[in-house]
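Shared chain: chain A. Partners: chain B in the first complex, chain C in the second.
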Partner chain A sequence: MTRHWFALTMRSAGQRVFADRAAVLVKLTFYVIVVTAIGSLWRGATDSNGGEIVGYTAAALFWYVATSEAAIVPLTMRMIEEIGDDIAGGAIAVELLRPASVLGVRLATEIGRGLTALAPIAVIGAVLAAVTVGAPPSALGAALAIPALVLAITCNVMAQHAVAAAAFWVRDARSVWFIYYKCVFVVGGMLLPLQVLPDWLQSVAFALPFSAMAYAPARLASGHVEPWLLLVQLGWLGVAGLAAWAAFSAGQRRLQVVGG
Partner chain B sequence: MAVALGSGPASSTDGRGGQAMTIEVDRLTKSFATGSRKRRRTIEAVHDISFSVGAGERLAYIGPNGAGKSTSIKILTGILFPTSGDAHVLGLVPWKQRRKLASRIGTLFGQRSQLWFELTPRQSFRTLAAIYGIAPERAASRVGELAGLFDAEDLFDVPVRNLSLGQRMRCELAACMLHEPEILFLDEPTIGLDLLAKQRFRELLVRLNEERGTTIFLTSHDVADIEQVARRAIVVNHGSVIYDDDVTAMRRTLLSTKLVEVGFERPVDAPVIDGVEVVERTATGLKLTVDTSRRSIREVLDTLLDSGVVADISVIDPPLEQVIAEIYGAPRA
Partner chain C sequence: MSARGIAATIGSAFAEVRSNRASFLTQVTVMVLNDAAWVVFWAIFFDRVGSVRGWDRDRVLTLLAVFMTGAGAVLALLANARRVGKLAADGELDAALALPIRPLAYVLVRRMDAINFGDVVFGVFLFVVVGDLSPGRVASFVLAVATSFVVLTGFLVTVGSIAFYAGKGEAGDFGLHAVLLFASYPIDIFSGGTKLLLYTALPAAFISGVPASVVDDFDLTRAVAMVGVACFFALAGAVSFRAGLKRYASGSVWTRA
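Moving on to the complex of A and B:
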C-alpha cells in the first residue's frame, strides 16, 4: 500500500463535498443564521448583565459561537447513525475486501470531508464575526483556534466512530447520535461557554471529551490564550483514536466470526 | 428427483486435469448460532464443502437463496472465519491473510458500489489505486487500458450519479480490475441490468477470462449468466455441494425429462403412453414431456411415427432453468 492512501482518501472525500455545491450552500446558510441568532441572544444577555458574562464580552461571545458552530456544522450530523447502518447492512463487511484498514479509510473519508467543509465555514464565520463585532479579541488566540478547529473535528470524527462501533454488538444503535449531539451541545460547549454551567456540571464537562470538540477552539478564538487546550485536545484525540481502533478491531473480529 | 453428483469434469489427481489450483476448499463448515439465549440453536450455513478451482476457470457457484453461497464467498474472500475445515485461495488462507489476499482478488457485489457517487469513476480510481498500493503512473496507464478494454473512455469522466446502472456496472468492473486481480468474485453482478447491459457485461467477463486469464467465480440466479459465462457449475443447497460438473453436461446428466414436439400432416389422436404427458395440443401438433426414466425417447418416437404421417419432429432438452430448478428441488441428502 502506498503511504499516501490516507491523504488521497481525504482529498477524494473533500472533492465529494464540493461536488454537491447546493449542500455546501445550505450548510453555509444554516451556519450564518445560527451564529447570527445565537450571537444576538448573547448580545442581549451581556447587555442586561453589565456588558459581560463569566468573563466574556458580547464580542468575545460572538467569536465563541462562530467558532464552536464552525467546529460542528461541517460534520455529518448523523454520522453515528450512518456508520451503524453500514455495519448492520453489511457495507462494512464489503470494506473488509480492501487491502486497507476499514477504520482508516472511514476516518480519512470523514476527516477529509469535515476539514474541507470547515474551510469555507471558517472563512465566512471570521468575516461574519469581524463585520458584526470587530476583530477577534486576541490575534494569538484566533491563530491558535485554527489548529484547535482541526483537532476538534478530527477528535469528534474518531469519537463518533468509537461510539458507532456499538452497532457491531447491538441491533439498533442509531438513536445514539441524538444523545451524543446533545452532549456536544451542552457539555461540549457548543451552545454556551462551559463557565456558564453550574460548578458541578462544569467539572463533569471538563472531564469529558466533548469539550475538545467545540469548547477548546471557541475558548481560544474568544480571546483566551490558553495553549494547553491544544494539549487537552491532543490527549482526547489519542483516547478517541484508541477507543475507535479497539472497538472496530473487536467489532470486525466479531463480524468475521459470527457474520453480519 | 435423485440428483447425480459429478466429481468434477476432470477427475485427475488435482481434480482439474493438472491445472494449477487457485482455490482449494477442504471440508469447510460454517455454523451460526441463532435465537435467544434460552432457545439458542445452531445453523450450518456451509456443511463439509470441498472443491477446487483451477487457474483461468469460469465457475458458476449457484444455489437457491439460503443455500450457503454468500457464506462460502465470504469465507473464501476472508471476511468470515469458518467453523472448521481449510481453504487456500492463491496459496493464502483467506481469513488469516485477508489484506494480502485482497490485493490479489477482485470482488463485485451487485448491490454494493465501490465508486463514490459524487465523483467521476476516474477520480474514484485514483483513490482506489492508492488503497491498493498502485503507483500513480501505473494507475493512470491501467485506467487507460481498462477504458479501452471496456469501451468506457467517455464514461470515466462522468459523475457516477449520472451514469445508468449498466454504465455504472461497467465502471464497477473496471474498478475491481484496477489492481489486476487473479480471481474475480462476482455476486449477482447483473442484478437489475437490462437485457443489453447484461449481455455486454457477460461478454466483458468472458473477454477478461480469455484475454487476461482471470479466474471467474460467479454467483447468480440468472440462468443466462451461468450459460453464457460459466464453463463449470457447482451447485450448493442446504450448505452442501450437490453438483459439480460442466455447464453443458448439466442437462445431459441431470435431466430425467425431455420435450418432444411433433407435427402431423393430418389431425391424429394423441397416443397414450406411460411416462409421457401432453403439455400442448394444436390441430395437427403435439408437445409432450417424456420422463426418460420410465420411457425411452426411442420408444416414444416409434409410437408417434406409428400414430400418423409425421411432418416434423424434434426432441428438445428443457431450458437450463428447469434443470437448475430440479436440482434445487432435490430432497436433502
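Moving on to the complex of A and C:
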C-alpha cells in the first residue's frame, strides 16, 4: 500500500464512473428532468407571488435548484442500503483483511465517484440554468458554490457512512436511506430554500448537518454571497467524519468479537 | 388452469413477502414516514406560496393520494413490472416460459415488494383524511387508482420490453424514475413540449394529474378518456412483451423470475 492510497482509490473510482457511459448519460438525463420539474414548480410559485418568494426571484430559485440537485444526484442514492447489505452479508468482514482502513477505502471510493460525476452534472446544470433564466445572480456567489459543492458531497458521503454503520448492530437498517434522503430533501434544503420553512422548522434545519449537503452551495449559487456557509460545511464535515470513524471502529470491533 | 395458477403464484408471492413479519412492518413504516415527508413538503410549500396555476394544497394532497395508492400498488403487488427489462436482457425468463400460464401475467405477479405496501397504506389514509367520503367520490377514487395502476403497469412493461431489442434494461429503470418523478408534481406547472410529453410518451399525467382531477371534479368525458388511455397502455404492454419474447435469448439462468 502506498502512502497515497486514499488519492489512488479516489482516482480509480472516478475513472470507473466514465467506464459506464450509459449510466452517466442516465444520471445526466435524470438530473435535467429533476431540475426541470422542480424549477417549473418554483417558476409557477414566483409567478403567483409577484415574481419573488422570501428574497428569491424565479432566476435565483432556478439556480438554487440546479445547484442543490447537483449536490445530490452524483451520489449513489442507496449508499446506506448498500453499506448495510455489505455489513449484513459479510463483505465488510472480508475487507478487514486488507492492509488499509475499511472506512477509508469506502469513503475514498464514494467521494471519488461522487466528485467525478459532479463535474459533468455541474456543467450541464450551469448551461441549463443559463439558457433557461440567464447568468447566475452573482458571479462571486457562483464561484463560491463550486468548493461548496465539493464539501457538500464529501460531507454527505461521510454522514451516510456514519448512519449506515447502524447495520453493525441493527438487523434491518437498510430502509433508513429513505428517511435520510427525506431529511436532505426538506430540512437539507434540496427541494426548497430553508427560508421557505416556518420559523421553528428553519431553526431546526439550520441546527442539523443536512443543510451543509444541499442548502449551502445552492444558497451561494442563487446570489447570496455568504462565505461563512463554507465554514459551516467544514464544521459538519469534521463532525460527520468523526462520527463515521467512531461508528465503524466500534462496529468492526464488534464484528471481530462476534465473528462477523 | 391459468386463473388458478395465477392465484397460486400471487399467494406464494405474498407469503414470501410477509415471511419476515418484523422486516415487513419496518419497511411499511419507513415508507409511510417517507410519504409523510412529501405531505409536509407540500404543506410548507403551499402555506408559503398560496396556490400555483390552479393547484392548492388540497388538490395536491388528492393527487398524492391517487398517485401513492396507484403507483404504490403497482410497485408492491407487481414488483417485477419495474424489472421486465432486466429479466429480458439477462435471459432470466426461462422459468416463466415453461409454465402453463401466460408468461407476462406470471412474471408480473411473481414478486411483491414489502416497502411499497407503505405507499398504498398511506395513499388510502391520505384520501380518507383529505376529502369527503361521499359514495361518488369514493367510486371516483377507486376508478382513478385503477386507471393509474393500469397505465403505470402498461408503461413499465412497454419500456421494459425495449430490452428484448436493445439488450440492456436501463430504459425500464429510467422510464420508471422519470414517470414517477413527473407524476408526483401538479401537471399544470409544466408547459409546452414537456406537458405534451407527459400526456403521451411519458404518461405521468394519466398516473396522477388526470385521475386526481376526476376525483376532485368528476367529468364523464375525462373519465372515459382516462379509461381509454389505460386500455391503450395495457394493450401496448401486452403486445410489446409478446413481440419481444420472439427475440428472447435464454441466459440459461433458471430462476423463479
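Simple rule for what comes next: the second predicted complex is superposed on the first by the 259 of 260 C-alpha atoms of A that agree within 3 Å, B and C clash if a C-alpha of one lies under 4 Å from a C-alpha of the other, contacts with A are read in each partner's own complex, and residues count from 1 in each chain.
Rule of thumb we're sticking to: a contact is a pair of C-beta atoms (placed from the backbone, for glycine too) under 8 Å apart; a residue touches a chain by one contact, two chains touch by 3 or more.
Just so it is clear, the structure is predicted and the values come from calculations on it, not from any experiment.
S.K.: Per the contact definition in the header, classify A:Q15: touching chain B only (first), chain C only (second), both, or neither.
M.R.: After superposing on A, A:Q15 lies in contact with chain B but is clear of chain C.
S.K.: Applying the document's definition of touch, where does A:A91 land relative to chain B and chain C: first, second, both, or neither?
M.R.: first
S.K.: Tell me the contact category for A:W5 with respect to chain B and chain C: first, second, both or neither.
M.R.: Once the two structures are laid over each other on A, A:W5 reaches chain B alone.
S.K.: By the touch definition at the top of the document, which applies to A:S203: first (chain B), second (chain C), both, or neither?
M.R.: After superposition on chain A, A:S203 lies in contact with neither partner.
S.K.: May I ask you to name which of chain B and chain C touches more residues of chain A?
M.R.: Looking at chain B versus chain C, the one contacting more residues of chain A is C.
S.K.: Quick check on the complex: what are the chain C residues that touch chain A?
M.R.: 22-23, 26-27, 30-31, 33-34, 37-38, 40-41, 44-45, 47-53, 115, 168, 170, 173-174, 177-178, 181-182, 185-186, 188-191, 194
S.K.: Note which residues of chain A are touching chain B in the complex, please.
M.R.: 1-2, 4-5, 8-9, 11-12, 15-16, 19-20, 90-91, 93-94, 96-100, 105, 255-259
S.K.: Quick one: which bits of chain A touch chain C in the complex? Just the residue numbers, please.
M.R.: 22-23, 26, 29-30, 33-34, 36-38, 40-41, 43-45, 47-49, 53-54, 171-172, 175-176, 178-179, 182-183, 185-186, 191-192, 196-198, 201
S.K.: Would you tell me which residues of chain B are touching chain A in their complex?
M.R.: 32-33, 45, 71, 74, 77-81, 95, 98-100, 102-103, 105, 107, 109, 112, 114, 116, 118-119, 123-124, 126-127, 130-135, 159
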